[in-house]
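The letters A, B and C name the chains in turn, as written, and every chain counts its residues from 1.
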Amino acid sequence: MFVQQVIQGLAIGSVYGLMALGYALMWQAWAVLDFARGEAAMIGAFSILVFHSFFKIPFVAAFPLAIATSAILGYVIQWLAYRPLIGGIPINRLIATLGMGILLRNLARVIYGADPYPFPTVFGDKPVSIGNVLVVPQNVWITAIGFALVVLLRLFLTRTYTGKAMRAAAQDRETAALMGIRVKQSMALTFVLATCLGAIAGLLVAPVYFVRADMGLSIGLRGFASAVLGGLDSVTGAMIGGLLLGVTENLAAGYISSGYQAAIAFSIMILILIFRPQGIMGRRL
Amino acid sequence: MLELKNVHTFYGVVEALRGISLTVNEGEIVTLIGANGAGKTTTLKTITSSVRAASGEIHFDGKRIDRLPEDEIVKMGISLVPEGRRVFPRMTVLENLEMGAYVRRFDRAGILADLKKMYALFPRLEERKNQRAETLSGGEQQMLAIARALMSRPRLLMLDEPSMGLAPLVVKGIFDIIKEINEAGTTVLLVEQNARMALKAANRGYVIRTGEIVKEGDAKSLTEDPAIRAAYLGEKVYGKGEAQ
Amino acid sequence: MGKVGKLVAAALVLVFIASFAAGCSSPKKDPIKIGIVAPLSGGAAMVGDTQVKGVALAIKQINAAGGIHGREVIYIAEDDEQIPAKSVSAVNKLVYNDKVDAVIGTVNSSATLANMEVTRKAGVPQITPISSNPKITKLGNEWIFRLQASDEHQARAIVDYAVNELKIKKPAVIYQSDDYGTGGKDVIVDRLKELNVNPVAVEAFAPDAQDMTGQLLKIKNAGADGLFMWTMYAQAALIARQARQIGLDVQLMGGGGLTNPKLVELAGDAAYGLLNTQTFFPDKEGASPEAAAFIDAYEKEYGMLPDSNAAMSYDSMMILAKAMEAAGPSLDKKKVRDAIAATRDYRGVTGVITIDEYGDANRDILIIRVKVGGGYEVVWPKR
């Protein structure tokens, strides 16, 4: 049962990890805890729902379309609500993100209603047994895509000029501008990237947890917890934080008490904050 | 090469520059000296466009540049080594140098060649190229900041307080390198509180006080000016002048 | 439908007010005001919407028959988003601003538990059509009535069916950790003990949980042969799918909160065979004359079949109207309350209803099964 619980935890954990990456990117580039992060998942999930389920576009084509839609929406959102607050008081930015989250959730509710929508499984949800462990192909794909995206993101941030410029702008806006880096553009790109990662998380879980207007709330909260666990300034840490949270939640349900599943997971987060405030992989603050 | 004509700059309602005019000719080392808060850094920031001049004009190579965005200024060949070095702490030495070359990032071969040049100029940087910049010592960070500024192949290199917080021996090394860079053909505008070192290295100098140029001349005559000796070189010369 | 619940409801209110203003020229007397509190937005907006529809249909028929004591009836609907605090302010508004004569609502048990304090203090009769937490009628509040079979009745019915008919020996229980889920779980566990059956696992999940595989794995490892779940249809769909993914292949059973076409839409074939209790089922062939007439009228009015909530809400309004007639033209609230409490063998569209000493409706409970391919069939009582 232990192995089974861990395998289940890894799948949901890599989704948390993708969300956590968004928090980490936003923290670094915009110096804000972006509480509208979860809504990126909702946007991604509804985009794929519209393209694949309503317009009947095949998944392989609907997937990039959904990502592109999310990217465009992400750009518009940052331009509307985030960019005007650059350089302002940090608490204003924080409140703006909270407001944006509520706005997006309610907008989705008005457009799509409050009921969940089913989304067909793409990777297969019939379990396959390996030894005495059951593996759902869908979960394997989710985990694999999660890992692949972390590797790609790391490569992007460390191997390309655009990625390095994003890091530079995140670390020192003024000096980055001196290098000729267009900082606002770079920040917008970071936002779009974070939104795309969230959108991918959202459309990966769409077949598993359905598509609903308020789906961003719980997935966003867990992404935030994962980012804090792993360290807000580390890409690898964010992913590890996500996996850790996913596995802990599952083990807590299996071995301790399911009634306290969330409480146990968040207690660990609080313990980390007390004893290692920079997160597992984070730099000392 | 660089000419500021009656430049006024404001921070909110505070007038930080009150009509600065100065020129830097090709091949020179020009220094701008003055006390804390006199407007030295603001002058440099106005040139790089990180703050906008409210009035006045800035020309570089005969072209007006005071309305250009920051990246255009870098592309034209002006590069600044900011005060306090401001290396990107969580990027490696190599990545910091690459960021210096950001405006010419598609010139791969050129960048590789320049990296070699930088490593020749600053061998310590090559030894540490894969370390995070934050792990370097202050002197090494200053070398990195200068090398990073040079990576954009500037024709005018501006340095803001390169000696700040460094041991005297290290400061001497930095100034030697500045001279070396100048001899290799780069024009230098040097802002310093350490007026003695600055005037020793420079051809000409300007003295700035509360946002105005109060004196200019060749380095030698400024060094001999008793008022300057009193105010900026730390010598107790009593008499007329502008001791503060 | 249900997509813009709030707008629809607001539009309905306007339409109704407009229709009275335009159509009924005779009445000079003030209308009788019925306050509706329901989740018109948020996760249960669809249920709130059918609640308003059920009451509205009843009011339409009452007015067509001359109103109550010759007075027309209107309703005012307030949204509570199934949040207890919002539910309290909604009922406060209805009672003190709109001065309604009675309140119908709401859906969510926690919200009803909170808002029924307002009507108790103000002395306004309140009927909740479908809040099913047993506590609601057990707190000594004599102003609250319930038409839904309480969770207690429902849970006992499904447990009895599982143990007596299906011969389930090692059941497990999974429930959402709020008033609704915990209340249902307690009754299931108690009833199982009364029948000398020990649950092999009792697991909770947060009301916003998406991943229940940890709990389900534990249940699978405990060797369960049946699973009672006390939750709403969306999470029941998740449970059904996740149970299948981890190879937990047992009879799934639950309460009235599971009856919804969305369950099959979301869970697909994983929901086939699921059993749950129900008190109303829109099946015209097997329906009583009252129910058949209601199903027809509802379909004609709204172009859709009524769900159990619509039927319960319809019956709530009808029982309220009958009580108001009986209480006399003064509409004294205490007398109306007493008249509701005196309801005996009322033949409603949801069956024969008798209000018991606690304010609960005593009624028959059906057990229905999700058919292969979707749709429901009644499996208990046997025909």
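A few notes on this one:
Throughout what follows, contacts are C-beta pairs under 8 Å (C-beta built on N, C-alpha and C of every residue); 3 or more make two chains touch, one makes a residue touch a chain.
The structure displayed is predicted, hence computed values, not measured ones.
By the document's definition of touch, subunit A and subunit C have no common neighbour.
When chain centres are taken as C-alpha averages, the shortest distance to the whole-protein C-alpha average belongs to A. Centroids of subunit A and subunit C (each the mean of its C-alpha atoms) stand 37 Å apart. Centres computed as Cα averages put subunit A at a distance of 43 Å from subunit B.
Centre-to-centre spacing of subunit B and subunit C amounts to 76 Å, using the average Cα coordinate of each chain.
Among all residues of subunit C, none touch two or more other chains. Of all residues in subunit B, those touching subunit A in their complex are 48, 50, 69-71, 73-75, 79-80, 82, 86, 88-91, 95, 98-100, 102-103, 105, 148, 152.
Of all residues in subunit A, only 1, 4-5, 8-9, 12, 109-116, 118, 125, 127, 129, 134, 136, 139, 205, 208-210, 212, 214-215, 217-219, 249-254, 257-259, 261-262 touch subunit C in the complex they form.
Those residues of subunit C whose C-beta lies close enough to touch subunit A in the complex are 2-5, 41-46, 177, 203-206, 208-215, 217-218, 221, 234, 237-238, 241, 244-247, 262, 265-266, 268.
Remark: subunit A residues 158, 161, 164-165, 167-168, 171-172, 174-182, 233, 283 touch subunit B in the complex.
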